[in-house]
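I am attaching a structure below and will ask some questions about it afterwards.
In this document, chain identifiers A, B, C and D correspond to the written order of the chains, with residue numbering beginning at 1 in each.
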């Protein structure tokens, strides 16, 4: 969690400075979800992520230096500078990418699980992360049905941070997430998403059950994002949460909660370790070269199609 | 003279139409907050019954608008990302668009689709940088890409008043633009009426959206070299073939610059119709994004795929040669 | 029901003969649903229908003669010959059309209900008819959520005829329809869809509740289609239901069931009345003129756009 | 020689690829029953684990195929109606297509999308009669519209083997076509390779899909009048510009006939590129559906909106005049 938190703080600074173009959707406050779930996953498990994806990508094991380099648009980035914040991926680690379209990752995760079964590897689990807002996306609901129909080893993780951009969850969602998911035949449960051990415990059970062939699971993680929806939010002059609510959430900071469970020495050790990682990442990312503009169409196709230039 | 920004012009058009016509309402994500800027302040004036925040169900709310329109409302639907068009293509192209003909004219579907922030958003990468208006033109949805605040105002007014579905794109690169104009001079701009932005005799440049100011700048810069006529079609469908035809027939030379993909894009249509009907004297040149373009994240790669003024100047010189 | 049955029998014959081009999706066997539900509706209520739409359209009051003329491609048809079987509509009667795309009508019905409320007419109900297969369409599920969120007077009628084309419902649907719908906050109930009085009773309660502002309802009607999915099905050589199953369904024919509740005289009277209607419809439709091919683009736009011809 | 039908050719290609490559699987509605004809009998041979009936969730199963492809499978996804493309446009254009570039080449998405029964289905009306391949070409999806059984076989083979998403349309009017051909002569046809179907010196006719046999018939019928070269591009994206260019440069005259909408359609692209690059001597002619066409139900109205042989003959005469 500390890695994600520091990585994100660093990114906030760099987004403000313009080193990271396009801004980011900060994950700060939600770290316990990505970390708790990923703690239960193997390297060959698959995840699909969201627009708010840094936490998932790092928790699943992506190199923070290459992740930061990606945000700097460097050729050494996870995606060679082609993806940026909303598309960060490391397919070799089963990270099928952050995604700019809400809900889009859910059926892709189902596909990965289905493919694993076809390949005789149905102890491999696929996790789809998404927000409360995504529960209103048709394709997510379709994915629930398909995973349940075929008893696929998919864990759907809904990070209910109370808002879809400015829309409070009760103005976006009729009924509650767990009941909705259960209505599709998913084994569904809610957990405190600001307690990493609670998440890990619930996710562990769900992942084990998935591996054992018990069919798809759904985990609603109640959480909160401490910052704006996106780094440019303050420019929009929007105001949809009052200050007390945000302050109250900070008092439940999953990092503080976990820190209280560690000895001061252990906590300090983590801090030092992470500070080094971030410093190394910054050094790597900021010294990495960009790409040649002449290569802008590289990777457009894997096959041999000469894409005509435009102008 | 007072200055009107592009975003304020769109906002103003929504306000004016909502005031004029009780049936006009605004649907979209975060519209009561006005997150894209376009709907800012409307909820305070017209209430959240007419400025309605939608759940993240683009498909359902696009067809909700269709149903509401058949029932007599005049919804304006805002999408936060132009590529959300792909998600609702069925609801627009196969439902709203076809309803009138399929029912033998029993009812029309007066819905306006608003796409703010179209084209590259500089660093928003592959899924947030498309400019997909040519797709709408292909299926026959009336589509405006206003290039100035007063056109944004006037075209949106016409869009809302039109009895059929109409899409309006607000290019990212224009969202900050502004224009000196008196409020009294704001008026509806008919769909399908091009604007001759600059007169010239040597070559006709057809430019769309944020490339209109680019084209004007290039034309000014080349004033010593050549007399360049710049035309803004304003709507990419329907096209004002009469205005375009007159100009092209006169100059015999054509350059088209637009920010959609090359293959089967708007540029292709202009060039094709021009050579079929308007008597070009030399081969025309088209500037666009590449075939099948996906905009990469890194800014230099992003920019490398977009048509620009330097390319345009080169193209103009090429057709004059 | 008799009208629909005879209309459909007539259409089957005319589809075979080629008078009706493109074939039809016969509604035979499911009549009790359209009739039972429509019995509860007012003229100003709205319905949206499906590819299998003749029953809904007739039950909501469309003129059978103009409906048949539509299927003959006549200019006197409901849609002036432009729509045919899959798009038959009579907007003046609140029939917003059959629809060629599964599930597409559901959000349109929600829109009609929403518009009625905006116009201060929220005693007006909108009914969305769809099949069991449509419960897997994202847009239908999105529509559930929206109707429930805003407590709109929408009745969702799921005609569960056991199959989506050849796919048995248990291979297409995880969980059951009522639980799924309830998970979205809809008031949901199942009813015997082959008993018109049972349908009318349940639909009546639901429609009344909708009118009274109790929010959206969902009715699963268990039914069966006696014929193939589409009139060309036999050409495909498909076989997904065994003969016993089909025969068993015929023994529950909703028309026989209802006939048993009538006196023989009343039943005979209905038969005569319907026979006259069908004969009149045939006379009208078969003597109606087609349209001028030069008018093929009429109604494409309501506004003034000169659509360029293609060739 | 044995006769191979178009439907059988597609079916044969699926069989052969499934036999050759364990990763190839078929997903779609009613595919185990083979309702469209294309997948008939496959389930009996390869099992319902590889020929998988899908619930009516086109969006989810299109992206399921994407996920499965990234994970190493080679799914072929069948859609029962070409206009279902609209419903899954997001999943194809914004997800599958963009994955390779956005991830910097980490993984490709080898999925094949099959669209049987494209174009008018005579009496199936507005929502079942579209021919939307130009939309895929615009966004850069490789797209084949085979005009003969052997091309259907060969292009589908290549589609399945291609590491990127590829769409294959099987026009309604060809589904019943057949060809005399030895099984041994069936082979893969590279994407992006046009076929010169008939040589000629006066005019180049570019025809797509079911209009290829129409064009050949017209060309034969006019043999006494003019020497007509007929070219079938076979894939509408990518286009074999080399073959087209050679022919057009030689004849200097061009007629394009294709069954998509006029505005920003495939015909527009061919005409535009031809005038830009291939030196036409007279204005070309394009035959297509009208702008924004919605096909009406009544057969005579349906046919009135489709490009046909009579129009083609007129167009050829016009460019020869």
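Simple rule for what comes next: a residue touches a chain if its C-beta (ideal position, glycine included) is under 8 Å from a C-beta of that chain, and two chains touch if they have at least 3 such contacts.
In this text the structure is predicted, and so the values were computed from the model without any measurement.
**Q** Would you kindly say which chain has the C-alpha centre located farthest from the C-alpha centre of chain C?
**A** A
**Q** For chain A and chain D, let me know how many angstrom lie between their CA-based centres, rounded off.
**A** About 38 Å separates the centre of chain A from that of chain D.
**Q** How big is the gap, in whole Å, between where the Cα atoms of chain C centre and where those of chain D centre?
**A** Centre separation, chain C to chain D: 34 Å.
**Q** Please tell me the distance, in whole Å, between the geometric centres of chain A and chain C computed from their C-alpha atoms.
**A** 43
**Q** Provide the list of chain C residues touching at least two other chains, using ranges where the numbers run on.
**A** Within chain C, the residues that touch at least two other chains are 79, 81-83, 87, 99, 101, 136-139, 142, 145-146, 149, 171-173, 297, 300-301, 307.
**Q** Spell out, as numbers or ranges, the residues of chain D touching 2 or more other chains.
**A** Each of 55, 57, 59-60, 83-84, 87, 90, 94, 101-102, 125-127, 140, 238, 261, 263, 291-294, 296-297 in chain D touches at least two other chains.
**Q** Based on the touch definition given at the start, go ahead and assign the chain network to line, ring, star, complete or other.
**A** Its topology is that of a complete graph.
**Q** Taking the touch rule as given, give the residues of chain B at its contact with chain D in the complex, in rising order.
**A** Chain B residues touching chain D: 83, 86-87, 89-90, 93-94, 97-98, 101-102, 125-127, 130, 132, 134-135, 137-141, 237-238, 260-261, 263-269, 271-273, 275-277, 279-280, 283-286, 291-294, 296-297.
**Q** Quick check: in the complex, which residue numbers of chain C touch chain A?
**A** 136-142, 144-146, 148-149, 171-175, 179-185
**Q** Okay, in this complex, where on chain D does chain A touch?
**A** Touch list, chain D to chain A: 25, 49-50, 54-55, 57, 59-73, 90-91, 94-95, 99-108, 110, 140, 142, 162-164, 191-192, 238.
**Q** Inside the complex, what are the residues of chain C that reach chain B?
**A** Contact set of chain C toward chain B: 46, 48, 77-83, 87, 89-92, 96-97, 99, 101, 104, 106-116, 118-119, 126, 138-139, 142-143, 145-146, 149, 297-303, 305-307.
**Q** Considering only the defined contacts, which chain D positions touch chain C in the complex?
**A** Touching chain C: residues 29-30, 32-35, 37, 40, 53, 55-57, 59-60, 81, 83-84, 87, 121-128, 257, 261-263, 287-294, 296-308, 311, 315 of chain D.
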